[in-house]
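Just below sit the structures, each encoded as structure tokens.
In the two assemblies presented below, chain A is common to both, partnered first by chain B and then by chain C.
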Partner chain A sequence: MTNETHSLTNKSIPLYPAKTKLQVTIIFFVVLGIYIFSMAWTQRDMVSGLSGALGNMYRVIEKFFPPNFSILPDIWNALAQTIQMAIIATTIAAILTVPLAVLSAQNITTFKPLYYLTRTILNLLRTIPDLVLAVIFVGLFGIGIFPGILALTVFSLGILAKLISETIESVDMNPLEAMRASGGNVFQVIWYALVPQVLPQFTSLVLYVFEINIRASVVLGMVGAGGIGLVLNQQLKFYNYPNAMTIIIVIFVTVLIIEYISNKLREALL
Partner chain B sequence: MEKLQLPPKPEKSLFKKIRAIIITILVIALYVWTFKNIDIDWGRAIERSIDNFHRVIPKLFSPDWAAAGKVGLAMLETVFIAFAGSLMAAILAIPLSFLAAKNMMGGKAVSTVGKWILSAIRAFPDLILAILFVVAVGPNAFAGVLAIAIGSTGMLGKMFSEIIESIDMEVVQAMEANGANKIQILFYGVLPQITPEFLSYAIYRFEVDIRASSILGIVGAGGIGTMIIFASSNRNWNEMGMILLAIVIVVTIIDFASAKIRRKIV
Partner chain C sequence: MIEFKNVGLVYPNGTEGLKNINVKINDGEFVVIVGLSGAGKSTFIRSINRLVTPTSGSLLVDGEDILNYHSGNLRKLRTKVGMIFQNYNLVKRSNVFKNVLAGRLGHTGTLRSIFNLYSNEDKALAYESLKRVNIEEKIYNRADELSGGQQQRVSIARVLTQKPKYILADEPVASLDPPTSHQVMTYLRKINKEDNITTIVNLHFIDMAMEYADRIIGMRAGEVVFDGPVAEVSEKTFEEIYGRSIREDDLRGGAEE
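And now, the complex of A and B:
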């Protein structure tokens, strides 16, 4: 009897159970295996392998420098167009998102089929990348900023409606119930009980989506949807790397500035 | 009946009033600037769309099943690019996030530098990184892997550093008081607190990267994007329909699986 207790107390207790350890080890090796396979697969087309490419990298990157800043005056228009595209798309999306977000919030739309329908449509919409939308709209409407604006609108609508519906689902339901109990109709309930609770987050999320749209709109031009990406694509096609580098730097600085402003505004809001 | 009276609203400070007015004016100015300068050729857009509508839309919804094999293979490559890229990013982001977290390396200067590095990386759109890497390592899928890896590092590093900043520091202090060294604190005090959330965000990033890597082929960085650009320049909308279907299915499956796994981890 004493012997048994002795062996029990002396046995070192592992930090994690053996089963967890086994699971973690198996998952680790599966992930590693897929990783090694992916690396091998993605490098199969490379002529001289990884080391050759990395050696090459320095020589090629050198071609981009020094950037040719003399083209700056010529790209302001394209840059302005890019920002305008993002502004218009964000605005339209912010307006269209209101009914969609309300319809896809479980606590407001109590009619289940309608809720599931809007949810499914939004989920499908969000699986399509922005550039693919742009490619389709360019095919439909021809080259220009209009397909770009449409692509951005549809793309950001999916994100925005989801984020805002989640915000709506997390509101305090008590004011809504109080409003309903004292005889407010659906629109009164939404306007006086829901809107004040959601408005700060709504503005913040719209700004966040605006950031995403700026980032997306700088590359939409690559497929012919207007803006600065169009200019960048042309320069790359002519192998004019110093000019391309200038455009890349301009994009970089623009994104940084917009992100900074939007961050400050959001901090002030919340 | 007596009219009900609402209590008076609290007085807003002058500073807030002025700030609100300035912001309103700026926003209005921004819109005026936008709508004055934007010129959309409505006539051409409408004419084109009437012309193209029956040529594009019905075909998108009747995918070209003959191309299914080709599309599937390209989509598989896309998944591999996203996987390799996001795993690389998850590993690269760890040291950077410790650098950027305020409560780890000590000193506000270090964390500010770390935060600047991360936001500088984030400012490059994925596609721009892909352009640079295509020029550097050639037009192949590996350029896509590198673009995804670097692009995701910025975002993951930011998320990771926020997680580190939110850990319970009392555990760390208790260990310090008991005489644990830095390595011990890292392994027994910090890592157990952050690992589940790190994993969760890394998996979430994989979801995002699937979408990102499906378009990288537009600049030649492998995956299904290459087919998108061919299909659109050949105006082969049936094939485009197939590609769209493949993207929608794969993204939906991965979103679903990742949500399941993340719910289990955290």
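And now, the complex of A and C:
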């Protein structure tokens, strides 16, 4: 009797089964191998490139200074366009997200085919990079703010619907059951038991996506989707580096201000 | 009247939740269902408002077989069968009044309820229900600011606002301490007697079952193994239902001294 308990405490019981341990070890070494290989590979190209780049850097940076602030009055309009693009796209995406997020939440959409269909559409949507979207829409509708808004809407819809459907999947299902038990229909159950649980998270995520959209809309502008990115691209093309520098500073400050405001709002919410 | 006729329920994974149940529950009765964990008490109760659907037999509520009900009928059934849960199931971020008004959902159109357009009668009824369980001073508190016992009283008020003909309560006191448990059970019985609402409660405390029930149904492994008025029940009955001798933790204790 005492012998048995003794042997039990002596032979330490592993936390994970031996098979799992072996698998994890193999995966670890495979990943490590890939890292070492790719480091060796890129080093070959980088070492020569690096010394050249350092030399170039000084010459390039020199060209950008001093920034030409006299163009400031001419870029407000483009900046306003960029912000408008982000606001409109975020708003449309936030509205369209609601049905999509509900349909792609496993705990609400118990009809499996519908759930898998929406999931798949959203996954496909997310695989398209925002730049590709912008190029496609600019190709379809020509240069301007409209294709930019479309690209941003589709892009942020993918992110937002995914994040919000995950929030929905983590809610407390008990109140939903109570609403169903008292005779509420699907819409009433969602409105009364689900919405109050996800609303703070929803607002916070929409603000977060808005921040992403401000930055993305600058980049999209560079491929012709309107706004300040478009102006920046033109100045760079004509080698007006001091003008470009002013625009870069303005973008930098704008992004900082908007992130600050949005952070404060989100803090207040949660 | 609720009538189980040869009702059986097999869960998708093959577990038999109910086996050939034949029970008739008369209007106005206060029935307590007892049995060990896994005996099928929840399955029994949740069949009545079709949160689960029996796979054989027929289940009559007011003379109609509810087993072939679909969305429209189902909503109507659920408006007349109120339910109380072990975990209160309130919307924690909403205030007490909104939680209680949710009891009117089954009686209210979708648009009206979404825009909070409840009639004055509905609001008065909700307030009246809060008063009946003495929690009206918490009307604008958020539900998660209340203690467990207070939350369960709010959930009783929600059911009262529903104006049901039947109340189902699945372990309503399992998460509460003894004095609060007795308070909640006292409210349930008072409502049962005053409004003549048929009440079916799952409990696993023997002493509470004896104190509040008119009639006790004992379940074991999905079957009804005892059914009779409380006067016929003794400690031996429980030993037969449970298939073992009575222990300390089968008793809630704390009855009014």
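In this section, the second predicted complex is superposed on the first by the 221 of 270 C-alpha atoms of A that agree within 3 Å, B and C clash if a C-alpha of one lies under 4 Å from a C-alpha of the other, contacts with A are read in each partner's own complex, and residues count from 1 in each chain.
Note that contacts are C-beta pairs under 8 Å (C-beta built on N, C-alpha and C of every residue); 3 or more make two chains touch, one makes a residue touch a chain.
Quantities reported herein were computed from a predicted structural model and do not represent experimental measurements.
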Between chain B and chain C, more extensive residue contact with chain A: B
First (chain B), second (chain C), both or neither touched by A:L256: first
Which superposed partner A:I61 touches (first chain B, second chain C, both, neither): first
Complex contacts: residues of chain A adjacent to chain C: 172, 174-175, 177-185, 187-188, 191-193, 196-197, 199
Of chain C, residues touching chain A in the complex: 49, 51, 71, 75-79, 81-83, 85, 87-94, 98, 102-103, 105-108, 110, 113-114, 155, 158-159, 162
Touching residues (chain side chain B, partner chain A) in the complex: 23, 30-31, 33-35, 37-38, 40-42, 44-45, 48-49, 52-53, 56-57, 60, 77, 80-81, 83-84, 87, 119-120, 122-125, 127-128, 131-132, 135-138, 140-142, 144-145, 211-212, 214-215, 218-219, 222, 225, 228-229, 232, 235, 237, 240, 243-244, 247-248, 251-252, 255
Complex contact set, residues of chain A against chain B: 31, 34-35, 37-39, 41-43, 45-47, 50, 53-54, 56-57, 60-61, 63-64, 80-81, 83-85, 87-88, 91, 123-124, 127-132, 135-136, 138-142, 144-146, 149, 215-216, 218-219, 222-223, 232, 236, 241, 244, 248, 251-252, 255-256, 259, 265
